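For reference, chains read A, B, C and D in written order, and residue numbers begin at 1 within each chain.
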Amino acid sequence: MTTTDRRIPVGVLGPTGYTGLELLEILARHPGMRTAYLASARTPAPRIDAEFPRLLNRLGPGVSAECGPIDHDAIAAVCRLVFLCLPHEAAMEHTPALLARGVKVVDLSAAYRLRDPAVYERAYGHHHTDVANLERAVYGLTELAREQVRGATLVANPGCYPTAAALALVPLVKAGLIRPDSIIVNANSGVSGAGRAPKPNLHFPEANENFSTYNIGVHRHQPEIAQSLGRWGGAGAAGMTREPLFVPHLLPVERGILETIYAEPARTGLESAAVQACLREAYAGEPFVVVRDEAPTLRDVQRTNAVHLCAKVAHGRVVVVAAEDNLVKGASGQAVQNANLMLGLEETAGLR
Amino acid sequence: MTTTDRRIPVGVLGPTGYTGLELLEILARHPGMRTAYLASARTPAPRIDAEFPRLLNRLGPGVSAECGPIDHDAIAAVCRLVFLCLPHEAAMEHTPALLARGVKVVDLSAAYRLRDPAVYERAYGHHHTDVANLERAVYGLTELAREQVRGATLVANPGCYPTAAALALVPLVKAGLIRPDSIIVNANSGVSGAGRAPKPNLHFPEANENFSTYNIGVHRHQPEIAQSLGRWGGAGAAGMTREPLFVPHLLPVERGILETIYAEPARTGLESAAVQACLREAYAGEPFVVVRDEAPTLRDVQRTNAVHLCAKVAHGRVVVVAAEDNLVKGASGQAVQNANLMLGLEETAGLR
Amino acid sequence: MTTTDRRIPVGVLGPTGYTGLELLEILARHPGMRTAYLASARTPAPRIDAEFPRLLNRLGPGVSAECGPIDHDAIAAVCRLVFLCLPHEAAMEHTPALLARGVKVVDLSAAYRLRDPAVYERAYGHHHTDVANLERAVYGLTELAREQVRGATLVANPGCYPTAAALALVPLVKAGLIRPDSIIVNANSGVSGAGRAPKPNLHFPEANENFSTYNIGVHRHQPEIAQSLGRWGGAGAAGMTREPLFVPHLLPVERGILETIYAEPARTGLESAAVQACLREAYAGEPFVVVRDEAPTLRDVQRTNAVHLCAKVAHGRVVVVAAEDNLVKGASGQAVQNANLMLGLEETAGLR
Amino acid sequence: MTTTDRRIPVGVLGPTGYTGLELLEILARHPGMRTAYLASARTPAPRIDAEFPRLLNRLGPGVSAECGPIDHDAIAAVCRLVFLCLPHEAAMEHTPALLARGVKVVDLSAAYRLRDPAVYERAYGHHHTDVANLERAVYGLTELAREQVRGATLVANPGCYPTAAALALVPLVKAGLIRPDSIIVNANSGVSGAGRAPKPNLHFPEANENFSTYNIGVHRHQPEIAQSLGRWGGAGAAGMTREPLFVPHLLPVERGILETIYAEPARTGLESAAVQACLREAYAGEPFVVVRDEAPTLRDVQRTNAVHLCAKVAHGRVVVVAAEDNLVKGASGQAVQNANLMLGLEETAGLR
């Protein structure tokens, strides 16, 4: 805006979905970034405050509500970093061009999350069209990949469910406290996780006062969770002869994820205190991970970038309860957390 | 089903919407009717218990879940009466053919509600294609038209909002207690009133935790309310130089209508007791209208065929609170109430 | 009612809670029973339609809305059977006196559910004061105990969670398809299951848009589930070296229970079809148990007496999804189902 | 914080209610204030992050979660301004002592809102015990009282409903566009407006899926609305022979207020454009008031400090729809907006 505005200019591609809206609300309060370009694939490009009237007069100083086209040169001319809130295929299409123009990318789609393109193709049902950048991409589960994120030009922002699951499980697997082949992630998400497009099962009179499972054991986030356990679980992940079983459920709430995770202890006599101590040690000093004595609720984390964890041993099983906001730590908040690191800003900037 | 089944066979045309579902749940418990034909315009015709799994094993003895085509002869062969849960245009298309075959019709669409085809066309935006049957149709606000309904072959089942509004207002207008040109109907409805087709504003993350007005002063139920006041308001309606102002709101609930109705008293010194006495007298002995000392809530009437009313004078205005279930008394319940009369059954059968 | 009213007179003790309300709504439509006595411990005894205005004018023919005292003689003078919707301790207090007067009892509390008084006392934290009747009591999981219920004078109506869990698990344990020591019951219930007394965590602004676990591994329904597996699981339950782990969650909905149940298969190569076939065979012809190919949702069963089941094998584990309405099949509906059998009525009467 | 922390130290008295929580969330992000003292009347004083686990690790740099006692000297030693989130009576008790110690006060209770102590006593049912400060208090409807707020030491923060109502009505009354004796404020609020104490009608299973009116024409906010029209309505308010009729409703949502306001036009031929122009002119340049062409919804303003307005003329009546968040612009947000002015900070600081 003015010559004294030292905030770093960033862009948002695909701002008309829920992750886009959440990102714009975070950026409006961010002391170190400003939204310099909004790009939409729609024709005509919408005003974002017509799309989301709650943004009227609230985009922050000097930020225009007008969306422009997805024009790589125009974007590169004004942005040092862009957030991609696009479909997977579009993300693979635009990322190479943006990187080539020196623009850093935080991709909120799944395009660069799974290291193995064959696994990607099985999970997402289409070919990976930018395998070249898969190796370059840093999987941005910030607490576990902080240093790589700092140096990254392309960050694959983790999926919502896998963020909570990996943060809950990696320390326990790595410490050898649980049997990796016994893991069941019983997950529950608010409806915003399913996106903004109306669908019969998300019609208010259907989803309201309702609750259901979906994609039992075949959800695309299952291999992503397995990948994180393999990558960060150390020797403890060696026995993962079966992938964790991932069973998502749809909650009649706008937002939030709560996962109740079950596993067999790797040794007899394991007690709650030891499991909690393992988590506390793993996340000591972390600004956004809170290990608590009581199981968290959705409300404790909604509209925050926090993940709350609580583990117990009950009737011989380890039970971990993990809660996060699917649109914040599970998407746009973690994206900003990653962008902060990529741009040399304070990691927590704009996220408190 | 068996030779001893004396229940009267009826049909439901268009059972795949919310009024259809409600009707089938009522009919499943009805001691005097059985669902003999389900007709859908879809190809292929669905099984109704696949469409609504809550109907699995619950349609009642001898009732098939298979839908057939809208075949007038086939319907007339097995049904003495049909409920039309079809779009307005389709209702006008099929009604003449069914009546011609001796089948009685309760039409839940708006096709035959407005006596004047010009008013209909202004409100609904298309021509009325069956003006011939408009005169024949009885507007089935049961409490006000009981005798005509008893003798009717075609009943226009009233709109959801107008049912509550007319029951609340007609006695007060007729008794000359309120000024008919001063009426404001501030109405609130659950989302099922908007139908089963997904729409952006009815997507769960949009409608949930939300509340909004719509169609201020231009809703199609406004002329229907005015028509009832004109028809039954007697001399008291003479001064209706302006139609009642009707302002609907969308509540984040599945079902129920609550209307807070405002009017200027027609004389000074009018007190709450006189207004309540007028309502109590009007509805003495009515099985489905309850006049109460406290304002009703949605919960008091949900999933019942009741309308609860409470009137007061506050700061010089008359305020009437009316509550009903939009799918029961506002649609399928009143449809069955009317069908009971048309078929010579007890008016309350199946509706307690 | 008139002298020709042949419906059997029954009583409801403690009608001012949610199970009482549900029972009265069912009884109002029941062709074979009528509510002859409402007994409340409150002083002064309330009118039930003041307590629940939705019951105004809806209690059924000849039923009084006035509650009387819990007077055993007065109750026995007019009732052949009573439903107890009382606290556990009160149920143990009144049951012997009622049985002694020849009144059959369906107890909706937990007083007579656990056969072993020591288990009861550990779970409920108080002494069992009527051990004499524990042996006499029939645990009324109707589908598994139909013949005993028919002859019973005292039925312990099962807990809401255990009803769904036992119906889902008993056939699989009995057939030796799953390892009984590996069972995890991840359960979710609407808030009505927690009763009608306001509590901080059930205050609308706290429970709304929220989701949480509670009582992980220490809920009182865990031993009840274990008891049913032991009783009906046959040889398959022999290896139950650990009780099933039961983890309940609180859903932000009024009613309904959905359980996602996990177990290890007892043999390699077990497939979904075999698990489903086991359930289908077990419940063939049952009016209230539906085995489906797709996982049920809460909406499919709300306000019905049905339990919907669907089992799969996914990533090497057996997953069963079970849904029911906690107030109907999980309480008052099953109570009426049991009472129907105890009184020689059709099992499904009043429950369709 | 460190010695370089230049943020102004403020206190929050009574932080354990919903307005307290909202205030702490705003202050945590505020660039110019820091929470230096939390005072609770409870014994023992709670940790605020035990009371609200969502505040764990989120109170902002250097802010302690410990509450201290309501000790005027201790508070005055560290705070330049305090926010009172206390009951009305407690606010009257502590305000004089705090002012005497040079501490500025923003009172979120109703204690100092009504200029006339007789009106206060009628509305609130207890004596006003600090009439001396009533004259000194500035009624902090910021947009209408900006300059007085800037110089105030005691600000009475307006009620939630009256904020939206007065902002909607004052310009229209002042411009003589509507008849002041004809105003009806049909208001709807989320449940958080009723406070954090559990009550039967706010128990989740009661308030959920429900909707109701309350206090028709006798709500305590009615005289507050009338006072604002009298104070700022100019000559247009002269004909206010009747107070506006205020009818609140309880919405099944956590937060937000939507008011649909009705009035007779003061002259014939008034059109929507003229009414909208009046509002636009009145609020040109205002950061928190948005005049829109479409009626706002709750979602448009939830968790923001904005008030959205839209007016039309429909069937001869003026209809204004006003929306705000009851906890932000209707309470804690406006409190911070006022405190910003009182402390010489930018009015919008912390509120975007």
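Convention: a contact is a pair of C-beta atoms (placed from the backbone, for glycine too) under 8 Å apart; a residue touches a chain by one contact, two chains touch by 3 or more.
Every value quoted in this text rests on a predicted model; they were computed, and no experiment measured them.
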Number of steps on the shortest touching-chain route linking chain B and chain C: 1
Chain separated most widely from chain D, comparing mean CA positions: C
Whole-Å gap separating chain A and chain B, where each centre is the average of the chain's CA atoms: 47
Separation of mean Cα positions, chain D and chain A [Å, integer]: 36
Interchain centroid distance [CA atoms averaged], chain B/chain D, Å: 41
Two or more partner chains touched - positions in chain B: 206, 209, 252-254, 296-297, 299, 302
Interfacial residue positions of chain C with respect to chain A in the complex: 184, 186, 188, 206, 209-214, 216-218, 222, 242-243, 245, 247, 249, 251-254, 256, 258, 260, 262, 295-299, 302, 312, 314-317, 319, 321
Contact set on chain C toward chain D in their complex: 18, 190-192, 196-200, 202-209, 252-255
Residue numbers on chain C that touch chain B, as the complex places them: 28-29, 31, 53-54, 56-58, 60, 209, 287-288, 290, 292, 294, 296-297, 299-304, 306, 308, 352
